[in-house]
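In what follows, subunit A forms one complex with subunit B and a second complex with subunit C.
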Partner chain A sequence: MKEYDAIVIGGGPAGMSAASVLGDHVKTLILDENDALGGQLVKQTHKFFGDHAHYASKRGFEIAKELTDEIYKKPVDISTASTVIGIYPQNTVAYVKDGREELVRYKKLLIATGAMERQLPFINSDLPGVYGAGAIQTLMNQYGIFPGKRFLIIGSGNIGLILAYQLAQTGAEVRMIVEALDKVGGYEVHANKVKRLGIPILLKHTIVKAMGDESVQGVVIAEVDDKFGVIPGTEKEIVVDTICVSVGLIPLTELAEQAKCKIEYIPELGGYVPVRDERMHTTNSDVFVAGDLSSIEEATTAIIEGKLAAMQIVKDLTKTDLGKEISDELKTLDIFRSGPKSFKIRKGLEKMGIKVPEIEVPKLFQTPIENAKSKLHAVIECTEEIPCNSCESSCKFDAIKVGENINTPPIFDPSKCTGCAVCVTACPGLAIFMEKLDESPNATIGIPYEFLPLPKFNEKMWGMDKEGNYVCDLTVKRVVKNPNKTNIVYVELPKEFVDDVRHVRYPKKESPFVCRCEEVTLDQIEKIIDSGITDFEEIKRMTRITMGPCGGKNCKMITLGIISRKTGIPISKLSHGTSRPPVKPTEFSAFLRGDEK
Partner chain B sequence: MEGRILEHPILSFTRQKRVRIFFEGNEIEAYEGESVAAALHAAGIKVLRYTPINGRPAGFFCAVGKCSSCLMEIDGVPNVRSCMTKVRDGMQVRRQHGKGDLV
Partner chain C sequence: MIDRASVVVVGGGIVGSAIAFNLLKMGMKNVCVIERSYVSSGSTGRCAGGIRQQWSSSMNVKLAMRSVKLFEQFEKEVGMNIEYYQGGYLLLAYTDSESDDFVKNVKMQKSQGLDVDILTKHEIKEKFPFINVEGVKLGSWCKSDGHANPQIANIAYAIAIRKMGGEFITHTTVTGIDVQNGQIVGVQTDNGYIHTNTVIDAAGFESPKIGEMVGITIPVYGERHQILVTEAVNHFLDPLVINFNHNYYVRQTRHGSLIMGQGDVNPAPGEDIGNTIEFLEEMSEKMVRDFPIIKNVHIVRQWSGAYDMSPDAQPIIDESKSVSRFIYATGFSGHGFMLAPAVGEAVAEMIIYGRTVTTDISNLKMDRFAIGIEREHNVV
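Showing the complex of A and B:
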């Protein structure tokens, strides 16, 4: 039987980074079930958060390639298409390759098998067409096969949000994302990427059942109460052909169990997880764990954990002094986990006896950017404390600062911004835009764009707001193609809308709603203007636009924009009608006094 | 939507050699490197088996070999995970009914 100093099971980011370190020092074998190394990363087409040293701003499949290239240069035995089926006594790993069982021995074992997707029980959840998020990604991003046409996504964590975005990139229609909680689970910037495409995120909703005989043809959703019970009478049917379940991941602990590692239930870390110390050592002195198996987190933490485990193994086996390297990695890990988004992880680790220091995320204050508005400059819409500093690393002019704690939201210094827009292409959250606002009635904005076809010079498009609603017509002025595939579309639009428009799209056949309360479309308004009526008050009386319960906050500006475009009169010169109380929906009884009925 | 993605804003797909596989005796389009489940999905086939107890239709769920929802009869062998099995020229694929007979 072949014997290794170290065997790594699982070739995701955790296993690969570990094997790279191990290969430099000891005889190492890495095993993975798939044909290629990379784990979760191979099917991720979005840019990853994190810091520069850990591949931030690169797309998942690119990170997989870099890690794979690195490991193939090392003296490591690599065996893919090798499914580990058990850990036998006397430090033996059993795996199946080409239909045959192979046995290998280890001195030290690192298990980095990652996680699998949680299933969600609902009526007909076994119907073909109900898929896990990862399955859909495998189909569309690995095999290049359309996974379906109309989708409903359950779960608004980062995975659900990213999936919605990736589906939209293939041209699929994502009807909605439903989320049982009262707030979005994933990062705000990921949610914004999806919302501006017009994909609604329905909070406090759940799936009741899938419909269809042989495969999904529709779905029933309903609102839930505070205890997640369905509120009767709120059920709604929606036509979809694919339901995507993304309600979390479960660590794959079987092999760790077979290796006699103690397993504990710690929901904050993902459920049952192997008990381990700070350096990824389990209760079995020869066995280590890393990555999603040890706690459901991120690629960055998986990479660091893999390295930590590997260094400790090298230290144990060769007595090489890696004390400094280990403490550096531990420090990086602590900073990564210090943000508010890692609250659960910190709590979970503490239950295991691992103390993650609370490092306060400094509060920096944005200086007003008014004085720099007339030149082309960046606009950063990233206010959540998430572990990412790709914008800071990308800016060659020192105009963006995140600082030592990677969870600090970026601070932008407009006086240093040269308008190069490199940060726009680097930001994994696509949360940076370009803007120029000078004396002219039109403003310019630059929008990150990752769809096909790429707009062309002088094309007319629609400007959409943060929720995916129509705002105004606009004209494409310049398209900058970037090697990293985040292209920038610069458009010209009436300056009143510069803070609203965050996405551009080709006009649809159906006319968009200008006023959703009164259900007035762009078409209706244009027809009235074409008939010669150009006064806002007049149009309001004819269509009831702005008279609905929302008080006309958005649709008034949009309507003025349409009048301005059709008549050539700048918005500032148009009469904008009168505002009347109440400005918020108010019950009639509120206006009655005492005994009035 | 069925079929294969030809153009993608981020990825480019280069398909390997065209092979012939047979689903319930009928030829379907497949390319080397694809899993059986993926090639079937591209052809619009989502039902991969009928369950042992209630005879309910089932398809794949995880597509990465973890859930065993995709078991099929491939070249006469039952209980094969079709999501982890690569297509081969001349392969005969059938829906599995029940637990699969041991030959």
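Showing the complex of A and C:
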């Protein structure tokens, strides 16, 4: 039986980074059940957020390729299409390759099997047309197969959000994302990417059942109460042909269990996880874990954990002094996990007995960017404390600062910005835009664009706001193609709308809604204007625009923009109606004085 | 802008627009409406849209019945759907004297050919189970009453007027009227001068200012009325309900929202059309008491507008004795929208034929104030 100093099970980012370190020092084998290494990364077509030093702002499959290339340069035995079926006494790993059982022995074992998707029970969840997020990504991004046309996504974590975005990129219709919690689970920038495509995220909602005889033809969704119970009477039917469940991942612990590692239930880390120390050592002295198996996290942490485990293994086997390297990696991990989004991970690790130092995320303040108005400059819309510094690393002119703590939101110095727009293409959250506002009535903005076909010079498009609502018509002025496929479309638009437009799209056949509350379309407004009714107040009375519960917060400016475009009168010269109380819809009961009696 | 017109209508609210529309319909050319702001910027833009025929004087009933005929034909004649809905009007009586009035009125209204009935408290409860009828004595119910969208009606007229070749000029203010030897020669606006010999004062609660331009006194004044609208809810309320005793009216639009208002408890002077929080409190108290199901419905907006009040709460429609072809149609006292189609027709007839043909409105002449007046009771 072949014997290795170290065997790594799982060829995702954790396993690969570990094998890469191990290969430099000891005789190493890496096993993965897939035909190629890469784990989750190979399915990911989006740019990863995270630490620049750990491949952030590259697309998942590119990271996989880089890590794979690196490993192939090392003296590491690589065995793909090899499914590990069990861990047996005397440090034996059994795996199946080409339909045949193989046995190998290890001195030290690293298990990095990652996680699998959590299931969600609902009526008819066995109908064809119900998929996990990963399955859809595999079909779509690896095999180019589209499982459906109209999707409903359950779960608003990063995976659900990213999947929604990827589906939209293929031209599929994502009807909505439903989320049982009262806030979006994933990062704000990812949610924004989806929202501006017009995909609504319905909070406090869940799926009740799938409908259809042979396959999914629709779903029933409903609102949930604080205990996640369905509130009767709130059920709604939605026509979709594919349901995508993305409600989290569960660590794949079987092999660790068989290796006699202690397993504990720590929901903050993803459910049952192997107990391990800071350096990824489990309760079995020969076995280590890393990556999503040890806690559901990110590629960056998986990579660092893989390295940590590998260094500790090398240290144990060869007595090489890696103390400094290990403590550097530990520090990076601690800083990475110091943000509010890692709150659960910190809590989970503490339950396991691992002390996580309290590191405060520095609060930096953005100075107003007045002085940069007239030149082309970046506008960064990233305020959530998430572990990412791609923008800082991308800027050659030192105009963007994140600093030592990767969770600090970027601070932008417009005086140093040259307008090169490299940051726009680097940002994985597509949260950076370009803007130029000078004396002319029109402004220019640059928008990161990852759809095909690419717009062309002078084409007319629609400007859409952060929620995916129509804002105004605009003209394409320049398209900058970028090798990383985040292209920039520069458009010219009335300057009143620079802060609103965050996405551009080709005009649809159906007229866009200008006012969603009252379902008033652009077409309706244009027709009224064509009939000679050009006053904002008259148009309002004819169409009910701005008369809905939101009081016209969005649609008022948009309507003024349409009037201005059609009549040639600048927006500043138009009358814009009167604001009337109450500013927010208020129940009659709020005004009842004697009600309590 | 044009510099000559056969008639200049001052004020492009519902009344002025209805008059101009009827003039054009009867074949008159060069009709011109001058509106200071946008179409429906006056009381019409703030109006609740109720259309009823249950009035306390027989001539008012007749005029209102004629209006209802014209509202029924509005879409065909004027060319736009104005959300007209004949869901009826329910008037509630709480006192004996109110009940006596209702019974007397219904008798008179029936004699005018109106299909109207007294409902007992029990019948009201059966028909409208969502109304809290505590204290109600009886009700007066006319099922051909109803409501429409006044703003759209106003704009519909404006579009029709332009289509028929009339001039409807907005954002232009009449600043003076030239009179020589008792004859009108022209109208001065802030955008130019228009030669004409006929002027119609349809400037709503500001009609006295236009009157002053030719030296006559019109006893009309503005009085603030507040109103509110809720979010849209499922249709449940067919009729417009008026409650004089509790001082409110309420209706549900085709769109689903509830529109309701009251006579101002603390009236503000004429041109103040601000909003008060007390209005919301007063309305909530009584509306939730009488319509418990709306307790958790959201109020979306409140606003206010001026009633163009006359001393007897009835319109004043007449031609000036001192200035020939100066005609005024004003003082609608909170019911100018519902009367506008019939008034438009009558005034157009006055101008073209020298007298009304279809409906007699001689009770609305100015000289009634010299004789002594009977106030219209049925107003909120």
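Operating definition for what follows: the second predicted complex is superposed on the first by the 579 of 597 C-alpha atoms of A that agree within 3 Å, B and C clash if a C-alpha of one lies under 4 Å from a C-alpha of the other, contacts with A are read in each partner's own complex, and residues count from 1 in each chain.
Here is the rule we use: a residue touches a chain if its C-beta (ideal position, glycine included) is under 8 Å from a C-beta of that chain, and two chains touch if they have at least 3 such contacts.
Given the structure is predicted, the values throughout are model-derived calculations rather than measurements.
Chemist: Mind working out whether A:Gly552 is in touch with subunit B, subunit C, both or neither, as first, second, both or neither?
Modeler: In the superposition, A:Gly552 touches no partner, neither subunit B nor subunit C.
Chemist: Regarding the shared-chain residue A:Thr170, is it in contact with subunit B (first), subunit C (second), both, or neither?
Modeler: After superposition on chain A, A:Thr170 lies in contact with subunit B alone.
Chemist: On the A-aligned overlay, A:Pro147 touches which partner chain: subunit B = first, subunit C = second, or both, or neither?
Modeler: The first partner, subunit B, only.
Chemist: In the superposed arrangement, which partner chain does A:Glu587 touch: subunit B (first), subunit C (second), both, or neither?
Modeler: The second partner, subunit C, only.
Chemist: Applying the touch criterion given at the start, work out whether A:Thr45 contacts subunit B, subunit C, both or neither, answering first, second, both or neither.
Modeler: It touches subunit B, and subunit C stays clear.
Chemist: Once the two complexes are aligned on chain A, which partner has more residues of subunit A within touching range, subunit B or subunit C?
Modeler: So, of the two partners, B touches more residues of subunit A.
Chemist: Intersection of subunit A residues contacting subunit B with those contacting subunit C?
Modeler: Dual-contact residues (subunit A): none.
Chemist: Please give the residue numbers of subunit B that touch subunit A in the complex, ascending.
Modeler: The touching residues are 1-5, 7-11, 13, 15, 34-35, 38, 41-42, 46-48, 51, 56-67, 69, 83-84, 86.
Chemist: Would you pull the subunit A residues touching subunit C in the complex into a rising list?
Modeler: 531-533, 535, 537-538, 541-542, 544, 547-549, 551, 575, 578, 580-582, 585-594
Chemist: Where on subunit A is subunit B touching in the complex?
Modeler: 33-35, 45, 59, 61, 83, 116-117, 119, 126-132, 134-135, 138-141, 143-149, 169-172, 213-215, 252, 450-452, 485
Chemist: Can you tell me which positions in subunit C touch subunit A when the two form their complex?
Modeler: Subunit C residues touching subunit A: 38-41, 45, 149, 151-152, 155, 158-159, 162, 170, 231, 255, 275, 277, 280-281, 283-285, 287-288, 294-303.
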